[in-house]
Structure formats: C-alpha cells, structure tokens
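We just call them A, B, C, D and E in the order they show up, numbering each chain from 1.
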C-alpha cells in the first residue's frame, strides 16, 4: 500500500499512538495527572495535522485528486471537517473530564484516556470510510470502546448502562450488518461508490430486498443516532455512564454517527429511486424522534437523563436535514453538528462541574447555582439557549439551516413539527435556567471548577456565542466541504 | 457439477442446517444455561459445517477455533462465575409471546425478501476460493480495517480488564 | 384689536388662567390668587366676546372666520383647529362668559366657606379649563374640534362633580355623569365617522353644502340614509350632554358638585351644549325629517317627564336639576319642530334665570348647610335679597309675563302647536308642572318657620338609622336620596351671618337679564331672530319665526297661574294637604315619582347586576379563565402527561428496548410495503 | 429437488437470525442473551460466506467481512463478560429482568 | 447630528453596558444603578439625536442611517440596520422607557447587578427589532428579549402568596416562543426560496412566485405578532406576565414589547404581503373588533390593578390591529401612533401602580380606597394616564384612536363600531378603578402611606408630559410616522 496514502491517515494514527503512549505512561508513573496532558498533547498534534489538511482542501476547491487509502477511507474535505470536529471535541472531553477522572475513575484512568482516544480514532475513520467493511469495523471498534467506557464506574448503574448499551448495540449492529450484507449480496461490492450505480441498476427487480436493506441500515444507524424507536438506550446509558463518557457519547459519538450516515445515505443510497425509499422514513422518524425526545424530557429530574432525551430531540432536528439527500442537506447536517458539538460540550462541561460540585444530579439541586458560581451558570445558560435554538447562539443558526433545507425540500410540515418542538424544549431547558437563577442557594460557597474544565467551558461557550454571531465562516466551510461528497 | 456431488451438497446442507437450527433453538429455550451453552457450541460447529458446504474451509476452521474454542470457553467461564443464576430460564409470559411473534415476523420477512431477491449470483462466481486470495484481500484491500480490528481487540482487552477488576484499587492509592 | 386677537382672547384667557393655576400656584393656600385669576380671565373673555359681538354685527352675514390651523394631516384626513364666529356663536359666547364671570365672583366667597383647608385652587383650575373648553366648543368651525372640546367639558364636569371626591356619593355621581354622557358621545363619534366617510370633511360649513348632503343622502343602511344616521348620532351625543331621556339620569346626581358648578355647568352652559350642537347642525337635520321627529318627541317627553319628577324632589338642587332637564327638553322640542330661534332664545333666557336660581340655592344651602328643603323654611327673613332674586327667577321660569321665560316659552309653545297637538299638549302640561314645583320650592324654602337646617337633618338621619337599616344604606349609598350634609367642613349651621355682598351681587346682576332678556325677541322687536337667522342657516332653514299669538300667550299664562295657584293651595295656604296629594291613587304616583320612574334601578339592574354580576361580563371573565387560558394550560398539561406516559414506556428493561427496535424495523418495513 | 443455491443459505441465515433475536428478547439470564447475540452474528456470517460463494467477484470480500464479524463478536463477548462480572459482583445475579436501576 | 455607525452604537450600547455591569463588584448595587442610568441616558440621547436628523433628510430615501454589510452571505443573511418614520418613534420610545425603567427600579437592591444587566440586554433586543431590516437579524433580536424577560419576571416578580411569578414567566416564554416558531417557519420559507432575508429586497420581489402559498407564509408570520400584540385568543399570557412582573418590566412590556407585534405586522406582514393583507383584511378587522370588546369586557371584572391594565392593553392593542386591517394611510398612521401612545400611557399606568404596590403592598382594588388623600401625585399620574387611556382629547390616546376610527369606518363599519364601543368600556373600568382606589374617604389602614418622592416622580412627570405633548401636538409624531407609513399604504392602494 501507498505510504502517501497513509499520510492522509496521520490524524488517526497519532491518536492511536497517543493511546498506546498513555497506557505506557500509566504503567510507569504514579502521578496520574500527567495522563490527560499527554492525551491532550496527542490530540492537539492530531488537530494540527487535520487543520493543515483541511485548510489546504478548502482553499483549493478545484483539486480533484484525493489521496485515499484504496477501498477504505477518503481524505476529502468533508472527512477532514469531521475529523476536526471529532478530535477537537475529544480534546474538550479530555479537558473537561480530567478532574472527574482523577477523582472518580481510580484504577482506570490511563485506560479511560486510551479508550477515549482509540474510540475517537475509530470514529474518525468511520466518518471517512468509503466502504462498508471499514465502516463496520470502525463502528464496532468505537462501539466496544464506548460499551466498556459506559461501565467504567463499575457501580450498579454504570454496569447496567454498559450491558444495556452493549446488548442493544449488538442487536442493532446485527441489523445494520444484515442490511449491509444484503446490499453486498445485491451489488457484489462494499464500496459506496460502487453500490450506488449497482443499486440503481438493480432497483426494479430487487425493490423489496433493497427496501429491507434500507430499513435495516436505518435501524442500525438509528440506534447510533438515537432515532425513534431505536433511541431507548439513550437516557439509561446517559444517566448511568460516567459523565465524561456521556459527554463523549452525546457529542463525538453522535457526530460520528451522522458523519457515516451522511456518506452511506447521501452517497451509497442517495440516487433517486433508492433515496425515495428512505427520505420520507427519515422525515417521519425525525418528527417522531424530536417529539418523543422533547415530550419525555419534560418530566425528567436527573440532569444527565434529561440531556439524554435532549440529545434524542436534537437528533430529530438533524435527521430532518439528513432527509435531504443533496449537498445542502449535507452542509446543514455538518453545520448543525458543529454547533451542537460546541453547545453540548459547553453544557456538559458545566454539568460535570455542577454535578460533581453539588454531589447531585438532580435538577432541583441546582438551585442557587447562579449565585454561587455566576460564570458557570452563565455558560450553562448560553448552552441551554443554544440547545433551545434561541439567538444569538450557535443553535439558532443550526436550526435555521436545517429547517431551511427542509423547507426547500418541501418538508414544510416537518419544519412546523420542528419549530413547535423547539417551543416544547424551551420548557425544560429553561426549567434548568430557572433552577439555577431563581432558586436560592443553601450554601454560599463557589462551586469548584478546575482549570482545564474552565478552559473548555470558556472556549466552547465562546464558540457557541461566536457561531451565533458570526457563523458565516463555518457555514461556508460546511457547504464547501459538503460539495466534496460526490 | 456432477449430480452426486449436488446431491451430497443438498443432503449435507439440510443435515447441517437442521443441526444448527435445532441447536440454536435449544440455546434460546433451555432453562439450564449451562446446557444452552453446550448447544451453542454445537450450533457453532453446525455453522462451520455450513461453511464447508460453501467451500470456505478456512472460514470453517476459524469458526471452530474462535467460536468453538475461545468464545464458548469464555461463555462457560461466565456460567461458572454466575452459577447461582444458572437455572434462570426465559422471561415471564408477558414477554415471551410478543418476543416469539416479533422474531417470527422478522424471520418470515427476511426469508420472503431473500426468496424474492434476484441475487447477482452465478456470474463469474468462484467455486473455490483459495485462502491466499482471502489473505491477499485482507492484507491489501482491507489492511486498514484489519489494523483497526487489532485496535478493537486491544480495546476489548483493556476494557475487559478494567471492568472485571474490583473498582477503587490502584497501586498508588493503596 | 383685531378679530383674531379677540377670538384668541376669548378662548385663551381662561386657558391661560388654567395653566397659570396648574403650574404657577401651590396646590394649597393660594386659592385667593387662583380665584382672582379665574375671575379676571372670565372678565377678559367677556369683554372680548362683547367686542366680537360688535364685529359680527358689522360683518356681512354676521360671519367671521378669523383662524384656521391644520392640526393634523394624514393622507386625505385633515384635522383642523379653527374658529368661526357668527351670530349664534357670539350669542353663546356672551351667555357663557357672562354666567362664568358671575359664578366665579360668587365662588370666591362660597368656596371659601365650603373648604376650610384652603386647598381649592384645583376648583378654579377646573373652572378655568371648563370655560376655555366650552368657549372652544362654541367657537369651533368644524365638528372634530367640537368633539374635542365636547369631551373636555365632559371631563371638567366629571372633575367638578367629583370635586369632593372623599364623599362616596360625589365620586359615584362623577363617574355616572361621565359614563352616561360617554354613551351619548359614542353616537356623536360615530356620526362624525359617518359624516367624514361620506363627505371627507369635518368642516361645518362644508357639511352644509349641497355636495355633502347629497353624498349623505345617497347612501345608507337599515332603511335610513347616512344623513339620518349621522344626525341621529349627533342627537345622541346631544342627548347625553343635555340630559335628555333616557340619558338624563346623571344630571340629578351631578348636583353632588359644588353649587356654583351646578349653576355654571349643569344649568347654564355645558348642558346647553347639546342644544347648541343640534341647533348648529340643524341644516343637516332638516334633510332628515325622521331625526327631527325623534328630537322633538324626545325633547317633549323629557320636558314633561323631568318636570314630573321635580314635583316631589325634596332636595332644592335636585328640583332645579329636574327643572333644567325639563327646560332642555323644551329647547330640544323647539329644535325638533324647527323653531331654531325659539330654542336659542329660550336657551339664553334659561341660562340666566337658572344660573340665578342655582346661585340662590347655593346661598340658601350656604346658610342652612343642607339642600334638603324639609329642613329649611322661613329663610325669607334671614336672606331677603336672595329671596327676592330667586322669586323673580322662579317666576321667569314659570313663564309669567313679562319676565324673560314667558317670551321664549311662548314661542316654543307656538311652534309646537303648529307641529303637532300632542307635542303642544306635553309642552302645556309641562308649563303647569313647572309653575307648581317652582312655587312649591319657594314655599318650602323661604316661607313658614325655619326647620333647623343640617343639624335637624343629622338628627333625623340618626333616627332613621335606628329605626331602619334602609335609611342608613340610603345615606351611605348616596345615590341622591340622602340630603347634602355638611360637606365635611363642620361649620355650624344658621351661623347668623347676614348675606355676604359677594354672594348676592351676582344674583342681583343676573336678575337683570332674567327680567329683560325676553325683550330681545318680542312681538314688538324681533332683533334676536333677525340676528340669529341672518347667516347661512337662513338659506337652508327658511323663516320659522311665527307671529305672536295673543290667545296662546293668554292660555299659557293661565296654565302657569293655575300651577302657581295649586301650589299655593298646598304649600302656602295649606288648603290641600301635601300628604293627601301624595297618597292619591294609593300613593303609587308619588312613589313612582319619588323613585324617578325606577330608571336608576333599571340601569343598576341591567348593567351592574345582569351584565356585570352574572351576565355577559362575568361570563366572559370565566370564559377567559376556564376556556381560553385553560386551552393553553391544557396544552401544557397534555404535553406533560404525554411525557409521563413516555416515561412509563421507558421501563428500564433491556428486552423492552430490544423489542422496540424489532418492532421499529417491522413497522417501518410494513409502511414501506404498504406504500409501494 | 431444487438445487441448493444462495437463497437456501440466505433463508437459513434468516431463520437463525430469527432464533437469535427471539433469544435476545426472551432470555432472562444475561449470559443467555449474549449467546443469542452470537447466534445473530453467526447468521450474518452464513449469509456473507454464501454471498461470497455465489456472487461474482465477491468471494474474498465476503470471507474477509465474515472474519471481521467474528473478530467483532470475540471482542464484544469479552467486554460483555467483563460487564457481567461487574454486575454479578454488585447484585449477585445476572438477571436482566431486574436490572432496572435506570428507567423513566 | 449623526455619528458614524450611529445605529449600531445605539443598538449595542446597552448590551455593552450589560457586560460592563457584569464586571462590576457584586455587592455594589448603587454603582450598578448609576452605570445603568448612565448607559440608558446615553442611549436615549443617541436615539433623540436621530430625530432632527431624520426630519431633515426624510424625503431623500425610504430608510435613513442605513448600515448594510454582508453577514452570512452563504445563507443570504445581512447585517442591515435602518430606521424610517415608522420605526424612529418606536426607537425613541424604547430609549425613553429604557431610561425611565432604570429610574423606576431605583429601589431594587436584590441582585441588582444582574437585574440591571438584564434590563440593558432587553433594551438592545427591543431596539434591534425596531431597527433591523434583515429578517434573520430581526428574528435574532426578537428572541434576544426572551431570556432577560423570563429571568426578570421569575426572579424579581411577585412572589408566591401574591403572584405566580415562575408560572407567569414560563408562560410568557413559551407563548412567545410558540409564536416565533411560526415566524421562523415563515422566515425560512421566504429566505430559502428567494435567497435573501433582506426585508427591503424582499419587499420588491414578486413573492407570489415562491412556490409556497403566500397566504400561508403571511399567517405563519402573523401568528408571532398576534401573540405579542396580543390578539384574542392568544392573549392570556399577557395578564399573567404583567401581573407578576416587577414594575419596570411591566412598564417595558406594556410600553415597548407589545409594540414589537404591531411593528412586525406593519413592517413585515403588510409590507411584504400587501395582497394577502388586502384579501384577509376583514378577518383581521374581526379579530381586532373582538379583541377590543372582549378585552374591554374582561377588564371590567378585574380586581387586581395590574391585571386590569393588562387586560385593557388587550383591548387597546386591538385598535392597532383595527388600523392595520383598514390599510388606509390614516388608519395605518393611527395604528402606528396608537403603539407610541399606548406605550407611554400604559407605561405611566404601570409606573403609578408599581408605586402604589411598593407602598401599600397590595394591588387589590377592593382593598384600596381614598389613595388620593395620601398620594395626590401618584393619583394625578394615574388619573391622567387613565383619562388618556379612555381616549380623552388633548391626550395622546385620543388622536391615535380617532385616526384609526376615521380610517377604518369606511372599510369596516361594524368592527369600527365595536372599537368605538370599546372606548365606553375603557371609560367604565378606568373610572370605576379611579373611584374605588383613589376616591372616597381614606381608611385608617392607609393613613401611613406617603406620596412619591423625587426620584419616583421623574418617570411619572416625563410620561405625563409625553402624553400631553403628543395629545396636543400630534403632528410632531405623525409627520414622522407617515413617512414610514406612506410607502406601505401606497403599496396597498395599488392593489385596491
């Protein structure tokens, strides 16, 4: 194989290497505080290479030659975009979780970072994969890491989360696998680029198996994306898993899921006769997903669980754009994911600080947080506004673009469902704001937040606001990148 | 292809299929989990036989080694670990019937779709695939997933070690 | 002095005095300055009016248009502020400024006694504002401006009726006055809108043009022309202000205000504004005979209806109030039958003698501290000048020749006779009733022995409280049954002081026109008629001035004398017992009159109880809470309930979740298969 | 007798999948659930190798795919068993029906 | 004098002030107040500076002081600010009420820093709505106001025994979001089918050709404004929000926030879809008539002073809709003027009631009586505002209502009659309230009450003056307003 091609995989390779280094360092050192630093340095290095690659690609939109590992992964601008998103988010997770890991994951700290890095690398490959086998292996690699990470606290709830995640993940990936196998059987190839024309040719005589394959793939990715009715693991796992893992799940894993879904649905299954089979499914599932997520969130008391339902609802909005199989849809999904990532990272950074500082995950216990730690509460509020979609935050423009492409696609009804859902979501998001600002504190002390976490919080909040004020650079980058998807 | 070979294939397919399906049924229905585990091994072996009928000897070998060996052993290990729970059967009737119905519907749906399908079969299909060709594909075309798979195994190992370890114990904390 | 300046002075002098009092004086303690300022302003306005009279007399057609400013301009809508001065205007100006000035002079002493705390600059400010508004109304050359000041005089009336706002009865009366007149104003406002929509102008002279009336006559709805609707609306506004049936209920209650206010606003000027408005717009009314009929009928009915209630009222100011309503009805009757000159002639005369009567009543009340005639009597001895003045004014009101009332009343009777015997009959009965209650009032107040004034009233009230709760409730409710008590000032009654010059001088001055103003339009000299009809109205109205009919004059005088005689028999000679009269026909007529035909109760029942308490309004409030709002809250509850239901689905059981996945696959496939 | 072809294998795979699915949905013992998951993956593998055998040019790819599936199964099983041990340590049982600390 | 980037400066000065406040030491609430006062005063000055400048150059172009930059060119979103005759008075009103709101809140000590920061952010939001000429920018500011309002009501509102501040705040939030959700949909349809969100550009495009029925888009957008205005039956958030909000917030809510609805209808619904408005005008007028009467009748039953004013707002904002429905120049100008005048009148009412509540600790009319004896100044302010509210000539409310009536009577006589009946109802509840609360004898329990002190009087005096100035010299405002209204009326006239 071509060494030049491997160069394109440098970001992933660096992450994997960093993971191995972390394990080694973990073995030789007693000061575990060095572990997140090592990890962060590795991720930063990876980000540097990603950014270099991405900026080169974005600056020269007429470059047609893409160095890609044959049959495995693509190194186009969209892939780089997702790599950057995933690695930067991972960096944020590492930063936000260092104190948590130090205190709560005794005996598993090195392993935590290593698994996180491996999972991130696998997800980066997943979003860049151009054929089914690579995608499947990457999906399972990240999946297994996540199953394990979910159980890392090794208490009752964490283990339960892990086993639920694992079994349901196993079932759904079996469905996904079966869908892939049918596609493979019908076309004789696993490459997305090859599947599309072959399906087009075979569609008339194989409508039923193709439909079945599409449904199975929808089910498989639906699980990953937390789409109704494949979302039931989400609240349980979000609640039971260690909070940094929940953070990782809600941002990185979700982004990776949408990244791969974009390629499979918009590329392999994006040609007209096949696309017509699933776009309306996605539209319908989008509506159901957001409605279910928002309604169920109305009655939650645990903040992590609530964020689980919130992430279900957000997946619903995203799916509305996923149902638009062209580059505007891809761009909208990408931009939404970026906005959602910065927002949710900020939210979870705040949640980690708050739940650890207050030793409670109950929303009602947030009372008076705004007086104890005004800055923390402020950042969290910004994040919640962004999740609701209220300007001037990233979430507003994310919804604007997503609903905009849906409107253009003629999905007006879906947009109406979406906007009404935003209203419902305001109720529970603002209930958190209310708890923090309106309630009075029993305790006047400042809620502790470490330097790394604070940095992450500041950066993500700043980005949330920045994307709400000046989103153009990212929006246009997303649409440029989306145009790379053939 | 001579008719006798064809007949042999047919016979062995049906025989192995029956074995596999019956074993599988035992796996999901036997009350005793240990017995279920034994039938699982039997089912794996049946599947390996199916592979043989497909001229995939290498895969059959892998199947026996990995599943018949490693996985089954781990399975049994787990059974011993959880021995007082060994005789827990299936869920209550509340769940049984819908589960059965759903599984049945899925089976029917899949089978129907497969029977309706017009597979791209026959056109230049290889009767026999030498293992070298598989290896070639694995190490050239799919080298990247292969490398990734090794990471996956590493992850599984690390994960399993951490999870199986009693929490809160670490050298420097001790 | 130019006409423009004079017009500005008329309108501006009281306005300046208002602003000076509001911004230049302290709320308390500077009442003397305020009073003088006000009186001075009135005097300036009076002189300016006089000047204007001379200018109008000199002008061709007695018309001047000194001022017109564009106040607001939006699209095709122009709202203007302008003065038009013609004979009618200038007549009204003189009436208003004269009475105003005299009342202000009277107020200086009267209010000082009524308000011991010396903080009544407010009173003068309101009076100034009222006069300015009233003059602005009269001067207006367009209906929009009329409406503008129309509302402002209403406001001043509200503020002055409620001057003693600490008294619940006064506060309630003020509110009632405002609300009832506002109902009439709705008609006025709608009339303005109808006029504007069809003619595109508010200017009175433009409205009188043929184009305007043609446009108004061409369209219409519900079987009436737009013109009829418009005039009806105008009359509705006029009926509110001039207390015509059925919007008359506020005026008796408005007597809660200080007596000078009653004299100026509720007798001489503001209540006459309705008559003025209808008279001013009479050229339009002429194209709407149906409206004219309504005006005449309502006027005639109000005249007799109010006079009948005046028969039994025991409060001297209320007697006057009913009398005012009745006389205004007279004027409306005259307008309704087209007797334009007669109406304004009567308006003029009435303004003077009624103002005098009120001021006289004020002096009486000032002495006795009550207005309840049951506790008066024998005041002729202590208030001789007042007695004589009131006597003259009363006889003028009763229509005894040659006093002013006689002349104008006679003209109205003549016009009514020509129009319809029924109207004439009502008018004639009114003459009898008027004479009766006037004399009754005189006897009760001035004749016989003094019955103790406010002190006696308090004793009686206390006794009533002991014997029946109703009396107390009545007093507390204060809707006009209870008398005026001490105005919260507590100064002793019958304080022996003799008549104060400043209090009787205005009476003496007013007596002059009360006696003589009738001479402005007599069979010998019809100067006023000529004056009033020599402007544009003449062209549209034609000549409605009837020749003097000696027979009719004799009849009306006889009827008036009959009324006087009967009253003398009852109250003077006491040949007929008032009690027996009251008990006639089982006492029912008396009770009906005493209860003012139950109109107050009817309104109270209809509006306050039915609509407010149980009916429409209460229903809507409940509807708002339990339907409109409940839908909103219900949507929230349903969402929360749905969330709860979803929570129970999330049972935590692994296999349940797995089942959801499988079912999802099955259902999606099923829908796909059904669809294709 | 019909010649054995791809459809036969596919139907067998479907049946095995169905059985495995039933097991996942109905086994009360978590170990039993995991065994059923293995059945699911085995059914997929049958389909993969059959496709490799019958569909042109797919031979090596099918077997490679199957190999990866087996690897995944192994990895998944190890993590699953470790989780079971953790659960067992906490509850003394691996009954999935009662593992409902997380719900709502 | 107009500064460079004047509008931007005017717009973001309060927001910047909020940031400054956030940096101040936590305990010093005096300093916070002073800074807030300074900022709002400066902002008011900036707003006032526009007035003479605008009247000088108004004839030249439709929008003045425009600032236009590409903002998100990828989506066709621009940063486009500008004012015209319609928005300028509202901008000035916002500046004025923002300044007065700080004075009204002078007694706030509880978490004062946060309080004043939120007030300032609120002001930026409202100003932004009135100055934005890009739909996305408009929407951004439209929503910016939500959170400050929510927090202001739920933290400083009437606590539980008296009010339900948290419920009311949430209701306000959800209701507004519900409306703006539909607006967002309409906005997306417009923007993504035409490729631009610029309101000026949109108004010159043939929107019938966008593929989505313009009627649908019109109503989607209208709903948001109808909630804000509010129009029956979308009004029930208003009484709750008003009742439980702190005084300054009630002042701003009634004074300028409701006007965002009317402004939006004029600026967006009517300007972009004159044809739809023309077709649906009877429906709008019906809604208006019903709002006026229904609001007025329900007001009659209210016993809480703030609730009473809130319901009266429903009634009075109905006149805005009535004027809009009539679509003529006079009626539209009347509607616009009604927004300005209602802003000052209701602000004054709330300021007065707020003072009463601060001193008497109750707003229940049956409990209050004879306040005029102890609070002549507050009573005077209430009476003036009340009389203006019932449409007394010489005060601002009258002019606006009269313009609306004359404009709408020709088009919708029946609905105008409903509107005219509304003024009788106004007289009913205003006079009833005055009688019960301010007149009659002073009960013993209120003998301790004090009249407003100097700092409390300033807002009252300023608002009273505004009411009289507009009432007596309406051309001051209408001559500016009609410059903004004329093009709208012109567009409608071309249809009819």
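Criterion: contacts are C-beta pairs under 8 Å (C-beta built on N, C-alpha and C of every residue); 3 or more make two chains touch, one makes a residue touch a chain.
Note that the coordinates shown come from a computational prediction; the quantities given were computed from them, not determined experimentally.
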Need the graph distance between chain A and chain D over the touch network, please.
1
Reference chain E; chain at largest CA-centroid distance
B
Quick check on this structure: which chain has its C-alpha centroid closest to the centroid of all protein C-alpha atoms?
E
Most remote chain w.r.t. Chain C, using mean C-alpha positions, is B
Distance between chain centroids, defined by C-alpha means - chain A, chain E (Å):
42
Per the C-alpha means, the centres of chain B and chain E lie apart by a whole-Å value of 70
For chain C and chain D, let me know how many angstrom lie between their CA-based centres, rounded off.
96
Chain B to chain C, mean C-alpha position gap in Å, rounds to 101
Among the residues of chain B, which are close enough to touch at least two other chains?
91, 95, 98-99, 102-103, 106, 109-110, 114, 117, 119-120, 141-142, 145, 149, 152, 155-156, 159-163, 166
Where chain A touches two or more other chains, by residue
133, 136-137, 140, 144, 147-148, 151, 154-155, 159, 162-164, 167, 171, 178, 185, 188, 208, 212, 235-236, 299, 427
Chain C residues touching 2+ other chains are 636, 647, 650, 652, 654-656, 658-659, 662-663, 665, 669
What are all the chain pairs that meet the touch criterion?
A-B, A-C, A-D, A-E, B-C, B-D, C-D, C-E
Note which residues of chain C are touching chain E in the complex, please.
27, 71-77, 79, 144, 147-149, 151-152, 155, 158, 162, 165-168, 170-172, 174-175, 178-179, 182-183, 186, 189-190, 192-194, 196-197, 612, 616-618, 620-621, 624, 628-629, 631-632, 636
Partner chain A, residues of chain C touching it in the complex
636, 639-640, 642-644, 646-647, 650, 652, 654, 656-658, 660-661, 663-665, 668-669, 671-673, 676
Which residues of chain C touch chain D in the complex?
647-648, 650-655, 658-659, 662
Quick one: in the complex, what on chain A touches chain B?
1, 9, 16, 23, 30, 32, 69-73, 106-109, 111, 114-115, 118-119, 121-122, 125, 133-134, 136-138, 140-141, 144-145, 147-149, 151-155, 159, 162, 178, 182, 185-188, 202, 205-206, 208-209, 212
Chain E residues touching chain A - in the complex, by the definition given at the top:
70-75, 111, 114, 136, 139-141, 143-144, 146-147, 150-151, 154-155, 166, 169-170, 173-174, 177-178, 181-182, 184-185, 188-189, 191-193, 212
